[in-house]
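Next come two complexes built around chain A: one with chain B, the other with chain C.
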Partner chain A sequence: MREEKLTALILTVLLSIAAALYLFPVYWMVSTATKTRLDALSIPPKWIYKPTLEHFKAIFSRGSGSSFAHQLLNSFIVSFASTGLVTIFGSLAGYAFSRFPLKAKDDLLFFILSTRMLPPIVVIIPLAVMYRSLGLFDTRLGLIIAYTVFNLSFAVWMMKSFVDEIPKEYEEAAMVDGYSRLRAFLKFVLPEMRTGMVATAIFSLITSWNEFTFALLLTADKARTAPPSIAQSMGVSGTNWGYIAAGSLLLVIPVAAFTFILRKHLLRGFTFGAIKG
Partner chain B sequence: MRIGDTGLKWLFLAPTLLLLLFIVVFPLIWSLGLSFCKYNATRDEPPLFVGLQNYRRLLSSPDVWRRFTVTGRYVLLAVAGEFALGFGLALLLNRRFYGKGLITTLFLLPMMFSPVVIGTFFRFMLDPNWGIVDHVLSKLGLPRIAWTSDPRFAIYSLVICDVWIWTPFMILMTLAGLSTVPPYLYEAAEIDRASWWLKFRYITLPHIAPILILALLFRTMDAIRFFDQVYVLTGGGPGEVTETVPFYIYKVAFSYWRTGESCALAYILVIVIIGLSSIYIHYLNKVRGR
Partner chain C sequence: MAEVKVVGLWKRFGDVEAVKGITFEVKEGEFAVMLGPSGCGKTTTLRCIAGLERPDEGDILFNGRRVNELRPSQRNIAFVFQFYALYPHLTVWDNIAFPLKAEKLPKEEIRRRVEEVLEMLDLKGLERRKPKELSAGQKQRVALGRAMVRRPEVFLLDEPLSNLDAKLRERMRGELKKLQRKLGATTIYVTHDQIEAMSMADKIIVMNEGKIQQIGTPHEVYHNPANLFVANFIGSPGMNFIRCRYDREGGRLRDESGGIEIPLSEIAREKLGSISTDEVIIGVRPEAIEFHPGPSPRAIEAGVYLVEPLGSVNVVNLEVGGEVIKAVAEPGFSPSVDEKVWISFKEVSLFDGRGGDSIGAMGGEELWRR
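On to the complex of A and B.
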């Protein structure tokens, strides 16, 4: 149908323009990050300029910039370590919730979900007091534990929804053949859970990588991650916006890449497995 | 040795349940205790039991009520903006066009970014001296606005930033809802020559209502819970006109160090959140029951 094709074409053009306008802040971040300190503040803005990598160099060079590089490293270590833990624990618990009978299972699952609905600040106040007396304050380990717990409720629900889709016959057939439940799980169910585990892991990786409140209040200097450091890099005067934009970009770009990998599972992730998408 | 099903069940559940017990349940019980005490976490003095004094003082304080009003306004404006924009864009994105997967994913990107990083950059874009937003406004012949420092507009700078980040979530949820409408219903309506509005009102809306309510529930809760954008965009200012409740709790706990009082206010906020979510869930069940 000719008319239909024309409508589709017009819509494509319109939505492309709309997407470009919507993502203007991202373009502006890239542009600010590659401008000199002076160019970044120029009004009227310089649309055409000589791009520079000075801010990225400053971030990774020794001296004044090295503290941000250190915080990026902290972000990296804390995100990956907590993601590893949360994926393992969440998969095991997700399997258990999906397959085994349990008293008050729905109540327990709802309770696990509700821990995620709490405002972070509510948990952080007692946690900060506790961490100080346990020596976990301003340590990567402390933040890794906090992020693991923070993402656990999500991981359990997400993994349960994936395990629910794997037919029970997988391990039942194996158990008839003499496998123990544990070996049947490891050999036949776990490989089927791979997609779910990858989706859960990427989600928790992004959440931890982006997290602000726990990092702000449970770390000070040694274990500080990048997001609170970006937030606090605005000075009263003479803020170096090019530098901040460059740092922000280093946080944003990996997330954008992962979003494309994850795009089939976004819906399930944001609804805790409730909507399969 | 073979592990029985019961053994395996508890083995698999143990790490999750123990972590939640030690890092969530135990601290929450402790902070409930502290909420009845006068306590400063930076001093060596032990907590002093004062009964309901913290709660009484907080609930009768106009400062606290003002923060609840600010939070309510912020949440209402932001969620309504996200809903309107996201719903409209989703209706367009649900139609047939080229490059659908790519364009849709591009629209979804902002919700994956760190809100605190985006907030920081919005502060730059909304700056009255160096910001691109005011430059565009003045080019269009509109007055410049001191977004984050003018008491009349500061809350809108928070709303604008939140809408930019979270409209994608509303797009995602609306698209999911639209995909559940069986196409044969539209075909049947086509035969009956039903108008666009009739189709929307009697086919689309009933099908997507549950997921829309779920989307609103998620967004309302998140907008109340977090204070990332307040922290970087306005710092609660000018004065205190954009101090939301969680941000105020943060200040009471970590600037004024009135730890006991902050725990009490945290519990008041949790009760408000539980109340609000049960209203949403009530409507959700009502819509689903039809």
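On to the complex of A and C.
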């Protein structure tokens, strides 16, 4: 009994230390965002201070270029639209790869994954040139297409493994019982795929929401999303950490909320092999 | 009910040839069992008949009409899957009613037919349960119910009993057979379990490596197997094989160690006259071995190697010539190890020692020269 208590105590201490380490950047972000510039830079750091919203005000009333609110809106539209497309296309392609006897299936799957092997910075220059001549430069549509293509490879693989776990007998039984393949898919496979789709959507949303390179180099002002704009505030006259922290905090909240809302599905989704029937 | 014909069916998956040009027919109302080890192509054949796989070559005919191009739902069949494939979010009632709803039948008709099936399969009281709340046996019955409710022309069953425990499987075998008789349904049943095949089938189609080895009644495949594969696959314990040389001039069979020498009868020599090799295999079922108290004409001397008491019978392992063979004896007969016994064969099958094809089956008496 005593031993058990001791183990629990040690575990609690260790986990508390780990949690403190993990959460410290979050604490720094929240505190710096709500400190005055002077408080933020004081040494030793001020643990108790009078909170302020001045950085948030500054973000939303910035003088030059499009407003931060507009950029956040861009981030929203681009991320959610590309996530929607990635989830739909990824699910359909994953289903096809899992169920149909396709020619050179393994080669195709490898090719799809290989598109992910080049770092974005390598493809960005030809892509930027193409985008300029196609009129996609500095448009939301341009970014949506780029993110969809970039995230799709991962989504196809992930959805394929989810569909593999769903016994194909369900749809076959439905097909024998009088359904077409499409109806059988919609009625029996799609509901079983929900967990995988949520997990794929969250991964895709996080990636496109935080994406920096494409956003920086494929947009100028109109379609610019929030991440590059925060980085831009590292000006020549010193870094405004409060401003950056406030911007980062605003950036983290939507994804955290989205993940929190869907956490139940996500947890199940991460246990890939465990979903059956 | 329909008559099913499969003509020259080929099915390949990449480089693997799963089914290699097989032809057979199942008559109206017949209970046909496709039997073979896993990977022999029996399930693939069944799926081709159902329309779940597209044949590479060959035709599937229902009542003489080619159905290759028809979708599964247009073939008027029912398919029972090995893992039941009950729709997990539908209740027992909705699972059974599903095919009728898909057909858009009137509500009253659906209710009547589902009730009828529930009654027949003893599923009353379970209507509101979901599949996960059912035992394996109940799931199996719901799967059967979903198949029956459409009144299909052909029932296709893919190892439907393999997930049940031994006791339940035994009971379901009988019930399935009775049900099939009652419905008079043309049924094709796939299994790797030879006991299931023997106990239920009107006709057994034995398959191996994508080819049909033999088609026949349970009696035929048991007593007159077409080749060594069938002889070995059917029966438990399997058939004993004694490898011999045929001495044409002397008209004798000798095993390789010289422990057995059989002067052959006219009939046996006639049968062996047709083969090109002098390698002959004698096949004897363990049940066809008779024990004698002492040396007697047409009896072979054997040494007891091991006795396996199974309760209802004793399986006696015997050393004959250079080989160990199994014999089934009364439970009271329990010789000690190394004891000498004398055995004769009530029934034998002769096989071509090279190709393994059957040369013929005969009574043990007929084998010996008088």
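What we mean here is this: the second predicted complex is superposed on the first by the 239 of 277 C-alpha atoms of A that agree within 3 Å, B and C clash if a C-alpha of one lies under 4 Å from a C-alpha of the other, contacts with A are read in each partner's own complex, and residues count from 1 in each chain.
In the analysis below, contacts are C-beta pairs under 8 Å (C-beta built on N, C-alpha and C of every residue); 3 or more make two chains touch, one makes a residue touch a chain.
Given the structure is predicted, the values throughout are model-derived calculations rather than measurements.
Asks: For the combined arrangement obtained by superposing on chain A, do chain B and chain C clash, or do they fit?
Replies: By the criteria stated at the top, chain C and chain B fit after superposition, with no clash.
Asks: Check whether A:Leu251 is in contact with chain B, with chain C, with both or with neither, and answer first, second, both or neither.
Replies: It touches chain B, and chain C stays clear.
Asks: Which partner does A:Pro44 reach: the first (chain B), the second (chain C), both, or neither?
Replies: Once the two structures are laid over each other on A, A:Pro44 reaches chain B alone.
Asks: Please compute the chain B to chain A to chain C angle from C-alpha centroids in the superposed arrangement, rounded to the nearest 10 degrees.
Replies: Taking chain A as the apex, chain B and chain C sit 90 degrees apart.
Asks: Taking the superposition on A as described, I'd like to know which of chain B and chain C A:Glu172 touches: first, second, both or neither.
Replies: second
Asks: Once chain A of both complexes is superposed, is A:Leu53 in touch with chain B (first), chain C (second), both, or neither?
Replies: neither
Asks: Could you look at A:Ala128 and tell me whether it touches chain B, chain C, both or neither (first, second, both, neither)?
Replies: first
Asks: Check whether chain B or chain C contacts more residues of chain A in the superposed model.
Replies: B
Asks: Look at the superposition and give the distance in whole angstrom between the closest pair of CA atoms, one from chain B and one from chain C.
Replies: Superposed model gives a least chain B-chain C C-alpha distance of 9 Å.
Asks: Which chain A residues contact chain B in one complex and chain C in the other?
Replies: Shared contact residues on chain A (touching chain B in one complex, chain C in the other): 180, 277.
Asks: Report the residues of chain A in contact with chain B in the complex, numbered from low to high.
Replies: Residue positions touching the partner: 4, 7-9, 11-12, 14-16, 18-19, 22-23, 25-26, 28-29, 32, 40-41, 43-45, 88-90, 92-93, 95-97, 100, 102, 112, 115, 117-123, 125-130, 132, 145-146, 148-149, 152-153, 156, 180-182, 185, 206, 209-213, 216-217, 227-228, 230-231, 233-234, 241, 244-245, 248, 251-252, 255-256, 258-260, 263, 266-267, 270-271, 274-275, 277.
Asks: Spell out the residues on chain C that touch chain A in their complex, using ranges where they run on.
Replies: 13, 50-52, 71-73, 77-79, 81, 83-85, 87-89, 98-99, 102-103, 131-132, 146, 150
Asks: Within the complex, which stretch of chain A touches chain C?
Replies: Listed in rising order, the residues are 101, 167, 169-170, 172-180, 188, 191-192, 277.
Asks: Can you tell me which positions in chain B touch chain A when the two form their complex?
Replies: For this pair, the touching residues of chain B are 2-6, 8-9, 11-13, 15-17, 19-20, 23-24, 27-28, 30-31, 34, 41, 89, 92-93, 95-99, 101, 103, 105-110, 112-125, 129-130, 132, 135, 164, 169, 172-173, 176, 211, 214, 218, 221, 224-228, 231-232, 246, 249-250, 253-254, 259, 262-263, 266-267, 269-270, 273, 277.
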